[in-house]
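Shared chain: chain A. Partners: chain B in the first complex, chain C in the second.
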Partner chain A sequence: MREIEADELEALAIGAGVLGTGGGNHPHLELMCAQEAYARGKRVRMLDPAELDDDARVAVLAFMGAPLVTKERLPEPVSACRAVRLMEAHVGRRFDAVMSVEIGGENAFLPLLVGMELDLPVVDADVMGRAFPEVQMTSFAIRGLPMAPFAIADIRDNALIIAHAENAGWTERLGRRAVVELGSIAGTCGAPRTGAEVKAHAILGSTSRAIRLGRAVERARRAHADPVAAILAAESGALLLRGKVEDVSRRMAEGFVRGQARLGGTGTDAGRTLLIDFQNEFSAAREDGAVLASVPDLITILDAVTGEAIGAEVIRYGQRVAVIALPADPIMTSPAGLAAVGPRAFGFDFDYTPFARRAGAGGEARP
Partner chain B sequence: MREIEADELEALAIGAGVLGTGGGNHPHLELMCAQEAYARGKRVRMLDPAELDDDARVAVLAFMGAPLVTKERLPEPVSACRAVRLMEAHVGRRFDAVMSVEIGGENAFLPLLVGMELDLPVVDADVMGRAFPEVQMTSFAIRGLPMAPFAIADIRDNALIIAHAENAGWTERLGRRAVVELGSIAGTCGAPRTGAEVKAHAILGSTSRAIRLGRAVERARRAHADPVAAILAAESGALLLRGKVEDVSRRMAEGFVRGQARLGGTGTDAGRTLLIDFQNEFSAAREDGAVLASVPDLITILDAVTGEAIGAEVIRYGQRVAVIALPADPIMTSPAGLAAVGPRAFGFDFDYTPFARRAGAGGEARP
Partner chain C sequence: MKRIGIDVGGTNTDGVLLDGTRILSRVKTATTADVTTGVRAALAHVTAGADPAGLAGVMIGTTHFTNAVIERRGVERVAVVRIGLPAAAVLPPFTGWPADLRRAVEGPVFMLRGGHEFDGRPIVPFDAEGMRQAARAIAASGVGSVAVCAVFSPLTAAAEEEARAILAQEAPGVAVTLSSALGRIGLLERENAAILNSCLHGLARRTVAAFRDAIAASGLAAPLYITQNDGTVVVAEVAERFPVLCFASGPTNSMRGAALLSGRQNAIVVDVGGTTSDVGVLEGGFPREANSRVDIGGVRTVFRMPDVVSIGLGGGTRVSTAPFGIGPESVGFRIREAARVFGGDTLTLTDIGVGLGLAAIGSPARVAGLDPALLARCRDWIRTALEEVIDRMKTSAAPVPVVAVGGGAFLVPETLAGVSEVVKVPDAGVANAVGAAMAQVSGEVDRIFHDMPREEAVARARAVAEARAVEAGAQRESLVLLDVEDLPLAYIPGDARRVRVRVVGDVR
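Presenting the complex of A and B:
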């Protein structure tokens, strides 16, 4: 157990943005909430998963909804705190710690805010290793752990709990319907996990990883070095293209933001064209019909100068960017993982192939 | 406490059909379920509300969904039984009895089926005194009792509980969304009511009333007398028109069946035209722009010969019918009642006026 330092919060925000792969929203506002809590004297206690008792109970937290809604409804830990308390009442046992469903985007910060509010430590782990659009796309679900019970609360006095669900898909369907009715954003608390389950089936060290990634970007900025290269080095990633956004088609559908961006190469990549598909997150990068990278590997579009991640909901014509790929967690690339979060789960008609490091494109070789 | 006799079940079905006011589905299939349970030796124990301990806990049950769905998915008490058990677990206390949310239509039978399954008595009461389309249109809600918690279960393994709701409207919104996702039909168990609450705020004697009404129709049929006149006499109702269905416009919208039927008078009513609006139930009867009857009073369309009630989802061109009005319970015509279930709550631009008995139209004067 250690306290997260005040200056690590900004690094976490940068890292969570990169790991958000275009979705899950950049946690600007959550960062401000956390900094405000620190100014009030609150601190986040971060727990190494190895420190968890096998019998401890961990609350898995997420904002569920459409990222765009958070542009007008400010983030708050209150709804998720109510979901936590509702779940405790439902199962008749208090939680010992909280953790995030996804380290990518704003959900990286939710357990920090809730942990400070409820005085609970935050486990250094998540269950996506990135951001994904649906609640069943987790390492817990891939390993067969039930998703229900699942608690949902809003900022009014509305709260419900999915007590039983036929399967993870039904939890997603019922939860999504409720969240849409509540205004397309709600705080959720998933099925309580034991310490043993977290240690065996979560993606460990995620928060530390995001902080480390953010630190690398900060160091590069201070040294006037290339933050894109720093990210690739820190994460064993590959550069797919340096270029310019040429076109974006984007629509809101079924509670998601879906679409495609076309990017044209510049500099040594001049003449190349990349097509990037997205469903909240970037899901595939293709060039001349060939797949360069796809889910579950991470595809991230960075501002070419600052290394700041650019979200699928705000990417626009003319931006100078670098497109990179980072490796997915092995749980996600296992057969069961690919069934849940591979290209076909996103509607693509091709199988997963790990992204390749292009010769001379920068970044380290994949381990 | 008394047992409901086997031959009272059919009378209850006839009476519940009449009190269904075109909605809530005629309980043909539920009648067969109950008769099958009786053939297996099960019996319904009916409890006079006066026999309830003040501290008893009563489960208020309903099928929630679109009536048309029950034409392809057969009724079963299993989903409602699961909702009852989920509510017991949620509040940490067993129920002592069950009752129906509405005596009109198939929901009149649900507590009988569940009561036989769970070995619980059925309270002789409901909270609508008829059928209404939305869950908050109850005497409990009108008297200000909270609707949440509210449990919903389907025939698979899906079950959820609305633990808290801002108000009764939110319970309806969240519940309706979940039910639509579950296939537009689910068993529900409302907030547990104490015996004292039931005695003070329910509509008492509803099941007996429906059986009595059905008995009157059966007697008239056996005597080759007019069952329509028998219903009017039993319920202090008024005949609005005898005639023929000339036109029906009907659409499914927002989980409801909505529309309008045009009826032309025959015999002594020749030359008259009645327009009947419906949202699951018949909600207003108008002639030349004048309102003859409206919610919360009961408007029922009966087969002119058999006295059998005709549902809004099956009424069609050419049927020979009698349109009648029956008085609503005083709770429903109180100011708070009219705010919840009066004409304006159904989108009409006029206020409630009790229906009038037309001279020479048959039936007794209103008390």
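Presenting the complex of A and C:
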């Protein structure tokens, strides 16, 4: 167990943006909330998963809803705190720690905010290792752990429990419907996990991974070095292209923003063209019909100068960017993982192949 | 139709009198500390000997409001009402503000129940009684300006309007800014914009009054317009209420002037001033907007500002010979005494330009003896610096036209890599004032629409934008659609989309 230092919060925000893969943005409001809590004297205690008792109970937290609503209603940890208390009442046992569903984007900070309010430690882990759009796209669901019971609460006195669900898809479906009625933003607490389950089935070290990534970007910025190279060095990722956004098309389908961005290479990549598909998150990168990278590996588009992650909702014509790929957790690339979050789960007609590293991309070969 | 354009910059106040698109007179005077004196001098110069009959308007772009926030001078205390509880309870107003600006501006803050959901339902009923008590407290506090911001007010402004009605009853005379008038989703940034607008309320009234006095004292009888961030103007009455929309006039006016003087609607504009070259992009005759968030004086806001990159290349940029180096230091406004061609002893890029035969300024004989190798080296440096920054601003590899304006436009080479043509125009030195004089009037809206087809959402947004443009001084029949942007919203049912529409038309 260690305290997250005040100056690590900013690094966590940068790293969460990079791991958001276009779906989760740089969580600046959540960062401000955390900094404000630190100014009030609160501190986040971060727990190494190895320190968890097998019998400990861990609350798995997420904001569910539309990111845009958060921009208006602001990220209230209160609703998630209520969901935690509701779940405790439902199962008749107190939680020992909290953790995040996804390290990518805004949800990276939710367990920190809730942990400070409820005085619970935050487990250094998540269950996506990135951002994904739906609750069944988690390592817990992939490993067959039930998602229900599932608690949902808003900032008024509305709260509900999905006591049972046929499968993770039903939890998503029922939960999503309730969340829309609550104003498209709610705090959720998934089924309590034991310490043993977290250690066996979560993606471990996610929070420190994000902080490490953010630190690398900060160091590069301070040294006026290339933050993109710094990320690749920290993550053993691959640079897919440096270039400019030439075209973006978006459409809505089943509640998600889908579309494609076309990027033209510049400098040593001049003459190359990359097509990036997105379904909230960036899901595939293709060149001349060949797939360079796809889900569940992480595809992230970074501002070429600042290294700041650029979301699929804000990417636009003319931006100077670098496209990188980072490796997914082995749980996600297992057969069960690919069935849930592989290319075919996102409607592509090709199978997953790990991305190849290109010469000069930095970092060492992928294990 | 005659118009006067005045651009008040940090160093110079530039003015032009136009008849249609013809420049009748032009002037460059020093910006004065009180600004008004400089404006009055510019007005006197451009109207001297000219017949001001038929003058349709005086268009002024000013750095007053930005500087007030950046320098924390002339700002006033503001009361803030946030409506959204039990949502939006975290991060109260003024969170994240620089301490000194916060000290100067922060007044009483009230957080009330109310506001709306993304689909227009109330979050909870509006706390009208709490608002009444807040209004009385504001009246008693002596604060003259209040900013009101409700959750999802760009979707429905009902709560903010109710608050304004109560303020009118309980705190008459207090100036009210509703955040919904400034648009854009993002509560904190919109609230910040409303607070900044409120804190400039008195300054805006004084500044506009001073401009009106200057016009009257010059014997002119023409309406006053103020230029905005997007390269258009609003009538002074609107600028008085929304000074915050008039922040970034300088680079915008130059780019608009470059479009008008060159006839190019799509081009890169290089504005070579005394200290820097400001490089921006014209798209359809208007400046391309920056994509990133905008900090004004350290406060995060929602404005769209022109996408401009500055490099240290100006007419006053110093050149050293041993060791060789160019800039970024500049003699700035002292160029007329410091540069060699003006009798000084500092070698500047103006001297280099004269030495290269690019311009005949001052006494060319004073730079006749410059080493040809030094001249060639400087010429190469200028070329490389401009080619790099132009390439950064381009949106594709295809060659683009470049329009060179500003007092140092002669330094821009006649050919550049990646550039289809370099356009130089007469009167490039007062392009900013021309841009102000020729500015049109715009109206903009940025809202969420749902449960309707895209066409209807865009039509509704357009109607609101047109109404705003007319209020800002546009002729309704001249309005044209400038751009439409619509973004489907993730995780929200009912075909929800955020629509942004901008229209533009001629001044009345």
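To be clear about the criterion, the second predicted complex is superposed on the first by the 360 of 367 C-alpha atoms of A that agree within 3 Å, B and C clash if a C-alpha of one lies under 4 Å from a C-alpha of the other, contacts with A are read in each partner's own complex, and residues count from 1 in each chain.
Keep this in mind: contacts are C-beta pairs under 8 Å (C-beta built on N, C-alpha and C of every residue); 3 or more make two chains touch, one makes a residue touch a chain.
Everything numeric here is computed off the predicted structure, so don't read it as measured data.
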| item | value |
| --- | --- |
| Which of chain B and chain C A:33 touches, first, second, both or neither | second |
| Touch count on chain A, higher of chain B and chain C | C |
| Contacts of A:280 with chain B and chain C, given as first, second, both or neither | second |
| Contacts of A:156 with chain B and chain C, given as first, second, both or neither | both |
| Partner chain in contact with A:166 - chain B first, chain C second, else both or neither | first |
| First (chain B), second (chain C), both or neither touched by A:174 | first |
| First (chain B), second (chain C), both or neither touched by A:316 | second |
| First (chain B), second (chain C), both or neither touched by A:75 | second |
| Touched partner set for A:256, first chain B, second chain C, both or neither | second |
| On chain A, positions contacted by chain B and by chain C | 156, 180 |
| Residues on chain C engaged by chain A in the complex (per definition of touch) | 84, 86-91, 95-96, 117-118, 121, 123-124, 151-152, 185-188, 288, 291, 392, 395-397, 487-493, 495, 497-498 |
| Footprint of chain A on chain B - complex, ascending | 86, 89-90, 153, 156-166, 170, 173-174, 177-178, 180-182 |
| Residues of chain A defined as touching chain C within the complex | 29, 32-33, 36, 65-69, 71-78, 133, 155-156, 176, 180, 183-184, 244, 246, 250-252, 255-257, 264, 266, 270, 280, 313-314, 316-320 |
